[in-house]
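Below are two complexes that have chain A in common, paired first with chain B and then with chain C.
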Partner chain A sequence: MKQHRRRRLEERFFLVLMVFSTVTVLGSLFLILYTIIRRGMPALSVDMLTKVPKGGYYLGKEGGILNAIVGSLYLAGGGTLIALVLSLPIALYLHSHARHSRVVHVTRLALDVLWGVPSIVYGAFGFIILLALGMRASLLGGIIALALLELPIMTRGMDEAIAMIPDALKEASYALGATHLETAVKVILRQSAPALLTAVLLAFGRGIGDAASVLFTAGYTDRLPDSLLSPAASLPLAIFFQLGTPFPAVQQRAYASALVLTVIVLALSIAARYFAKRLTRNVVK
Partner chain B sequence: MEATQIRIQDLNVWYGSQHILRNINAAIPARGITAIIGPSGCGKTTLLRSINRLLEETEGMRVSGQVLLGGVDIYRPGADVTAVRTRIGLLAPKPFPLPMSIYENVAYGPRIHGWHSGHLYEIVQRNLEAAGLWDEVKDRLRTPASRLSTGQQQRLCLARALAVEPQVLLCDEPTSALDPISAQGVESQLQRLKQDHTVVVVTHILRQARRLADNVMFMWLGELVEEGTAVQLFTSPNDPRTKAYLAGSIG
Partner chain C sequence: MRRIAAKLFNPKSDRAGSDPRRSRRWWKRVALDKSAHYTMRLLTMATVGLVPLIAGALLWRAWPILATHRLTSLLFSQAWHPLRGEFGFLPFIMGTLWVTTVAMLLAVPPSLLTAIYLAEYAPVRVQRLANPVIDLLAGIPSVVYGVWGVLVIVPLVGNQILPFVSRHLGALALFRTDNPTGFGVLAGGAVLAVMIFPLIIAVAQDLIRAVPQGLREASLSLGATRWQTVKHVVLRRARAGVVAAVVLGCSRALGETMAVLMVVGNVPQIPRSIFDAAYPLPALIANNYGEMMSVPLYDAALLGSALVLLLVVLGFNVASRLAVMRLVGTN
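Then we have the complex of A and B:
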């Protein structure tokens, strides 16, 4: 009898705990959105989205954050592209050739360690490389730093996605006389395409939202980037600089910038979901 | 007796330190259906997968000995494993369509081997017909293969395997995931295919072996106990273990 009551109490306790945790997560998301919308909305204007900062912008005068919007899209877009080109072969290699060898084990470990490296370290590391190459903070430098930051996230995401594929599906391809490469390209990629897309998006989201890694490598400028070698602004840094001013009007613009950043990531997530759904069409179970 | 298509000589397989096939020597005649019977875990599937070298896709598998296809050892150094698998097709226990359309599934093999061009459609049609699936799918060749029922998927896998024109077709419990009607469909296709293919069927269903087999191999705990024609093995088995298994007192 006593035993029975204890078990029922346990059950209740864990139910309450799970509900509490879930509510905390949803609540935080809601609060973040609420804050940036409430504080950012009033400052959001067409000018904000279509103009670069004019003189005195950071004192509350005219201009917008187009430099940061364009800069961020270039930086994260470029970084994601490079990370994608490197991640996909690594992820496929981890599964198609030496699945349980030492190399694979060490590679996974290295990726996990890289995942944990703070982004400021990528920034500092990228800065040293730039100096060694005789370059200045530039769009290219930022792209490379973001590619390094995104690489482990994307590769491990793809790694997990490909790991879900049943051996029997790969064997179906091998049994028809397909090589490992043919199987990887024609079967594994198709089967895991939706999950691969998610991995790319996750990495992009991490890249576009990161301030520390682009601080030294891409720099900051009020102008639009006109070449790979000129500095580029970014939204996270725009938020940081505007929030750091003593003027409430400019601080409000920081929230508007945060809102823009959030909407970009949100829009991409929704687009990715749509495409992932279309890619699921052919996926086997 | 027909000519021998596949000769297995001193085949041993280890998985890690586990010795799972012991000194297998066997001859599989050309054409007709050879059934490999025996209880679960006796090495039937392992033996089957050694015949198209699919074993080596599993890490930790070690194979020694020879498997001669038309007199040539498929394990000889320098043998082209993709060529081996093209000549020896496989039908798996659970159908796994490739993640593409019905049409593309059948066209997959011919495409990777670079045959095809103009008459790919004919190849697809011919093989879907041979697998007895054409009439059911001819109006929706572009739909994803995953939308087919399990029974249809298994016949699609058969069509896909036939499309690379194998001489030998290995079937690993090909009806175990199917309902009796679909199973009957697959069995009757195999009966037809045996006219010009060598079909090897692994099954633990004795009734199925009796229905299908022209030749039978009986395995027990990693050993090939006895092989012979279906008539001989089912009516007058030599080994006491075969007798006991057929009588239902072991396995």
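Then we have the complex of A and C:
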């Protein structure tokens, strides 16, 4: 009987502990969102979103972070575009003839490892590429670093999306005489389009939020980027620099910038989930 | 050109080429298919080569310092005076280890308990609610975590935890400090812990779910309680997976830069207590990118530390992925 009681007590104890942990984890997200909104909202203004920094901005004079918003969109947009062009063929290859070969195994492992590489290392690698090419920190450099950072995220996402397609569909296409390429474009891409879009959006969200990789490669400027070879500002670095100033008024703007970045990233993340669910009209299950 | 052609079309199909039934359009389709195949293969191979390429490039740029300084003095010396040509990475390595250890201690128990709860106990409704929220947590940029750390964690550590702990446990060296700001190892570890929650939870949850249902049923039918089943059957079976999840979280924590940089204090010293300021390796690299080209060997030293970081993270990652692969293979 005593043992029975002890077992029940243990069961209860751990259940309470588990629920407590789950609430803590979920609560930390809400705490973060609450903090960012609460501190960012008061400092947010139309000027912040529509103006570039004027002289003395970092001392508390007027201006906004339009340079960083536009720069970030360019950087993440370019990076995502390059990553897309590279990762789509790779994801398709992982599901073509060589499905169970050693190459595919090794590639998946390599992609997982690349996913784990810290973004500061991508930044350092991008910096070395720039040095080797004799270039300075620029929009192009940032785009290259972000493309490398996003490549494994996007490819693995697409890999999983394509894996969901039933084999019978592909076999039907081959049986009609279609080549691998035709099957890939007309059947696989079409069937997995929503999930592919999800992968792209998630990678974009990761790219736009990353600071360490653009720190070396994209530089920072108060102007809007006007060419691929000129430096470009980015939102994460804008937050970082503004928070680093000793002036409370500028630090307020860092909170507002953090709010802007958080809203962008969460919107992307939610949109990605939405597409994964909704855009499945043409998909054969 | 001919060799490429020979590779593209083997002799068998060459004979088929004289077959009048094979139209020109057919040839075009096959040629397109083949060239697409080789392009895709090339890109895939290039991806595999990317890891060695990154390591090689870092090694190339770090070579000047590796050639002029002994590895032991780089790794185990405390003297960090780039202007005098002294590069001892020990304070930064110790800073990384302290912050990562604190983060793991704070992150692993709640993450694993949450993963077990969501995989074994939670009603479907709770799972549907909790998992997207955890995914959102994973998507928040590290800079935002840093801002949150500065606004919430650092004041919490500096104003609440530090006075309380030093009043009651001040006798222990681990809790004694002359740094009252709150910026330090504990703040860095706490922010990192929240950052790696989602990763550990997601991986551990997947692998716990992969344990065959029949095992659970057998255990429950023998009269075990649910927790006993979890403890003796599920976790035993998923042990490698749990380790893999923790190792993966650890490797993420080792390389995380911006959030840690913002709350850890950045003083090049070996921390002696959890309230001391620290200066982890990634923060060192990120903070000094501006000056590093003007001081001789400085860039080599920093890129060398990036190489060390890469190799450590790589080792952790490969180990954990192989463990997962083996586990998934056995189930």
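Heads up, the rule we're going with is that the second predicted complex is superposed on the first by the 245 of 285 C-alpha atoms of A that agree within 3 Å, B and C clash if a C-alpha of one lies under 4 Å from a C-alpha of the other, contacts with A are read in each partner's own complex, and residues count from 1 in each chain.
Please note the rule applied: contacts are C-beta pairs under 8 Å (C-beta built on N, C-alpha and C of every residue); 3 or more make two chains touch, one makes a residue touch a chain.
Remember, predicted model here, so these are calculated numbers, not experimental data.
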First, second, both or neither for A:D47, with chain B first and chain C second: neither
Touched partner set for A:E62, first chain B, second chain C, both or neither: neither
Partner contacting more residues of chain A (chain B vs chain C): C
First, second, both or neither for A:E182, with chain B first and chain C second: both
Which of chain B and chain C A:R39 touches, first, second, both or neither: second
Chain B/chain C common contact set on chain A: 179, 182
Touching residues (chain side chain B, partner chain A) in the complex: 52, 54, 57-59, 82-86, 89-90, 92, 94, 96-101, 108-109, 112-113, 144-146, 157, 160-161, 164
Touch list for chain A against partner chain B, complex: 99-100, 166-179, 182, 186-187, 190-191, 281-285
Chain A residues touching chain C - in the complex, by the definition given at the top: 7-8, 10-11, 14-15, 17-22, 24-26, 28-29, 31-32, 35-36, 39, 86, 89-90, 92-94, 96-98, 103, 106-107, 109-114, 116-125, 127-129, 131, 148, 151, 155, 179-182, 184, 202, 205-206, 208-212, 215-216, 236, 239-240, 243, 254-255, 258, 261-262, 265-266, 268-270, 273
Complex contact set, residues of chain C against chain A: 29-30, 32-33, 36-37, 39-41, 43-45, 47-48, 50-51, 54, 57-58, 60-61, 109-111, 113-114, 116-118, 121-122, 130, 132-137, 139-148, 150-152, 194, 197, 201, 225-228, 248, 251-252, 254-258, 262, 282, 285-286, 289, 302-303, 306, 309-310, 313-314, 316-318, 321, 325
